[in-house]
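My questions will all concern the structure given below.
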Amino acid sequence: MIGAVALGATVLVLHSTKVEPPLLVATNTAAAATIAGATSTSSLDLSAYPDSTAITWRKSNDGVGPHEDWVSYGPTTNLQVPAHSVVTVTIKQYDSGEPIPNPFLAEVRGTVGGTMTVDGETVTKIDADHVGHTFTIHNFPSDKLDPLFVNVPLPAMPDEVEACSQSDCPNHVVTFQFVTLGPGDYAWNCEFPCGGNYANFGEAMSSYGYMSGTLHVV
Amino acid sequence: MSNDIEDRPIDDQRLTIGERLNTPAGQLVKKVTLVIVVMTVILVIFSVWWVNESMPVVASDTEQAVQDTMMVFAVASAPVMALVWGIGYYSLRHWRSPNKDLSLPPEDGPPIRSNARLTMTWVIVSGILTAFLLVWGLTELTATTTIPTTSSPLVVKVTGQQWLWSFAYDNDGGVGSPDLVLPIDRTIVFQVTSTDVIHSFWLPEMGVKVDANPGVMTTSITTPSKLGTFNVRCAELCGLNHSFMETTVTVVSADDFNKWITAHGGTPGQKVAGGTNG
Amino acid sequence: MAEAAVLSKPTDIPPGGGIMRRLNMVTGCVLGVILAIVAYKLGDYFWAANDQGTDQAVIAGEAGWVLGFLIGVGAFVAPINWLLGRDLTHDDEMFLAGKNQGIARYFRFTTDHKVVGVQYLVLAMVTFGVGGTLAMMIRTELATNDSEMFGNQIYNSLVGVHGIVMIVSTIIMVLGPWGNFIMPIMIGARDMAFPRLNALSFWTLFPAIPIFLSIAVLRGIPTGWVAYAPLSDEAPPGMDAFAIAIVLFVISAGIGAVNIIVTGVTMRARGMNWHRAPIFVIGTIGTSFLGLVALPCFEVAMICTLLDRSMGAAFFVPDLGGSQWLYANLFWIMGHPEVYVIVIPGVIAILEIAPVFARKPLYSFRLAVVGLIALIALSILVWAHHMFVSGWAPTLGGPFMLTTELISIPTGLIFLVIIGTLWRGNIWMRLPMYFVYGFLWNFMIGGVTGIFLSDVPADNELHGALFVTAHFHYTLLGGAMIGAMGALAFWFPKMTGRMLNEKVGKVSFWTVMIGFNVTFMAMFYNGLAGMPRRVANYQPEYIPGNMISTAGAYVIMAGMLMFLYAIVSSWRSGDIAGPNPWHAKSLEWFVPSPPPLENFEVLPIVTGDPYGYGESHTKHTSHLGAMHRPHRSTKSKVEAVADPTPEVAAQDGDHA
């Protein structure tokens, strides 16, 4: 009996330490859905920051203190969008960048028309030598989860510009659309090595809630 | 002329096999062997059913080799398991001490220290069994790792990174894709690498698995034999989203494959240096 | 005279011991914590600005903990005394051996091998409990096919820490308690060859456990317990804690291994040649040798990982000229022998139990020895079968397939020895015998599934999937741990002076067996069906198998808790046991339960092996020439041994 209670207690304690960023729900827009199969439209606004000072929800809950100098998506990485919807995503990219090791990911995939707009200009890929981050939704093919793969590279701020995280700092505005199908949860993360340690995929890139999150299609 | 032992010539009084089996020791061996044979049958049926039920659909020649191997090994190991478990079972059934009072040990058993002939037989039989498994394995290994000289293989460059796969068809105009499309009945050569940590490129229905290592290229070969959509998974823990590193492999006819290549901006058969995957 | 029970009151504690009288586990912990904090703060202050400053500070902090603990528990007192030319007096030795100190001696740097054995037993149980709790969390997460309960980040850490804690636990599980407690008595010795090293090996391992637990607050580890580079290079500071704990563990294991080998080789009683030594003794020596050869590779790999992580070295970083395959090879050269270090002690415990409860000699002792030696030798030659799919050396696939399949032959010989011992025996179904049959079932399945994995094309399908996980749980948990539980049931009366509660023991045996087989059979199915290992999110088709596995895991937990209850309650208030409740024939059963401080009043002289069941007046009887009748002599032990009068050797034929 005591063992079962001890186990239950440990599970609860550990579960509570799990990082759970607040949920950002996409706002429904009134525009008519023009893609076959979609029944609504909605929009999401995100930002990619060079440090997490602008992130307000983050407390010191991962053991060694908050990491303000880690890059982070904001305001949160826990996203919710409606099913069968044309989702318009606007990302403000504040961070500087570098060449991407896998140029495949500098191309836009999975969006409506295979394009995105960067500061007003429609493109299908960006310069692989100046990538800031990406927004990539992982396909997890199964009979219970409809396919969804989106990869949107986000261009870097030029090196001369001092990258900062306040809303009045210089940024690139990237807009794209993708269509959700049935309901389910998808993992998404940045696929550009913007973290630390080996291959720059550690630290921020390997900690849930900074550069990785969940997309709930409901 | 009777064949009683006493009537045989004095220098040839060995028992025949049948007579041996009628001695108490022989009776025991007969009973135990019966138990073992019954168990072998049960185990063979069970393991064949189990392997068939659980393993994925066969979509390539390499997977067929894998499933054949699993079947053969399961059948080959059944008698061994039956032998050990049969004797264990028999010991519990027939050799358990009949004393109800377990606080004292029963009488000592017969002081059998060793039986050289039994040991020798066991060593030889297990040696033969091992040799069989080895020969089978080596044959399959050679068969699944040699590119047939008559085919013109399709080369696909597979790049694993944390946490997705990307594919490049450098020999077909440099087409890049997040999921794999393959033509049926053609030898595929996967050239696999990684941009960061060790991943493992795994096609469960096609029996293909090879690690994706940073800075090195590793190779795996298969020939798809079934149309349809199957899985691509990562089989080496590679960090946070390792469990999401999955995508699909679709096997289509050769014509459909060429159409797919063209639709993605490539040209079937045109070699491109580098391509979209660096 | 003999102490009636392990838990006795301290009376007449001998003088001597000096500063060791004041040092114990608590002073060790206190000093360790102080030094850890000081070292971490210093490291942080000087190195925070460095690229790898966090790792450097964490390593300093953990090193401070270890150093402080060892100083505080008194590990350095002996070397310093030696440097200062002060020898141990007899009073010092008696104090260090824990004479008359009651329960306090278990919390000190005590050299008595029986005390160290009990300390190891408790540590093994604690680490097994920690690993088991982690396993329950893993299985609870896997009951659903998403990763909602803990998230992927925590889940990866759970998997990695569960693995390493269980590996440490199972390595020490038989060699620690019974290699230390029973083996010296079994060979007729008063203690081990290096008593202070014995205490050191335990107290070097002890601080590693809090280090493993500290991984939780250092952001965990993203790798499995194999800690593959270069993912280990990318990891948070928890990886540094992992590496340091491993270094400690390997040092501890090495010290213990040397002690066991020297004890077994040089301190056997008069007349105990290698043909008369119990198989347990030969097995522990062989296993220690294997561990000594193999485990340091893990230590080296971890030190190189630490250097990569904290000093910018590039042993395993391909871009800078290193190679991840260097790590993989170093690791698996340790990794394969290491699983035999886990399995063989469980096997030899079973080999020791089977003759006693079949009341027959061990079938072909020589075959058992040959099998063990072949197993040990071959296990050093098979490591690359863990790397068949790594692409490291495709041409070596064939040779390693050969060596791996050859291992099945000595394994088969061991099975032959066991079933040969059972053949036509009079089976006495007491609790330890249950574990022999459990071993036969589980280890057979584990062994056969290993054959599937040894075939290279099949391994291409099965590697990195749950089939491998189920295979090694069958061999390590179902084989080695069942052997360890059998050893516990067998030697519990000798260690504690009380009988283990058999009814609860038998119920827990069945519970664990059923739960275990349900859990891992379902896992074989899922593995064959293509579910990868170390994932929390999986395809919906694997949900039924996972639910069954999780249900089975809860049953295992219930069974283990029952067994724990049996151990604890029997230790405190079980039936008093006599010196030889199993009517066995090896030397440890001829001393009181629990044995007095110096084990034997008079060192025995051995004239036969301990498997002489069913034999009388043949060359194999009279295992104990001098022990058949207690020789109440006033001679010191040295004189008795140096004066082997004929009547001493021939005593068993007399009826006193």
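We call the chains A, B and C, going by the order they appear; numbering starts again at 1 in every chain.
Note that in this section contacts are C-beta pairs under 8 Å (C-beta built on N, C-alpha and C of every residue); 3 or more make two chains touch, one makes a residue touch a chain.
In this text, all values refer to a predicted model and were calculated from it rather than measured experimentally.
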Problem - Per-chain Cα centre nearest the global Cα centre, belonging to chain - result: C
Fill in the blank from the handout: Of all chains, the one whose CA centroid lies most distant from that of chain C is A
Practice task
Could you put a whole-Å number on the gap between the CA centroids of chain A and chain B?
Solution key: 41
Completion exercise
Between the Cα centroids of chain A and chain C the separation in whole angstrom comes to 46
Completion exercise
So, in whole Å, the Cα centroid of chain B is separated from that of chain C by 31
Exercise for the section: Scan chain C for residues touching two or more other chains and write them down. Expected result: 152-153, 222, 230-231, 234, 537, 539
Handout entry: Junction residues of chain B - those touching two or more other chains
Key = 196-197, 214, 231, 239-241, 244, 246
Handout entry: For chain A, residues that touch 2 or more chains besides their own
Key = 140, 187, 198-199, 201, 206-208
Fill in the blank from the handout: So, in the complex, the side of chain C touching chain A is made of residues 54, 133, 136-137, 140, 146, 149-154, 216-219, 222, 230-231, 233-237, 309, 317, 537, 539-541, 557, 561, 564
Exercise for the section: Mind listing the chain C positions that touch chain B in their complex? Expected result: 147, 152-153, 156, 159, 222-224, 228, 230-231, 234, 318-319, 323-325, 357-361, 363-367, 389-391, 394, 397-398, 401-402, 405-406, 408-409, 412-413, 415-416, 419-420, 422-430, 437, 440-441, 444-445, 448, 451-452, 454-458, 460-461, 463-465, 524-526, 528-530, 532-539, 582-583, 612-615, 618, 620
Exercise for the section: Would you tell me which residues of chain B are touching chain C in their complex? Expected result: 28, 50-51, 53-56, 62-63, 65-66, 69-70, 73-74, 77, 80-81, 83-85, 87-88, 91-92, 95-97, 102, 104-115, 118-119, 122-123, 126-127, 130, 133-134, 136-138, 140-141, 144-145, 192, 196-198, 200, 202, 204-205, 207-211, 213-216, 218-220, 231, 233-244, 246
Exercise for the section: Name, in rising order, each residue of chain A that touches chain C in their complex. Expected result: 3-4, 6-7, 10-11, 14-15, 17-19, 62-64, 140, 142-144, 185, 187, 197-199, 201-203, 206-208
Handout entry: Residues on chain B engaged by chain A in the complex (per definition of touch)
Key = 159, 161-164, 166, 168, 176, 178-179, 195-197, 214, 229, 231, 239-241, 244-248, 276-278
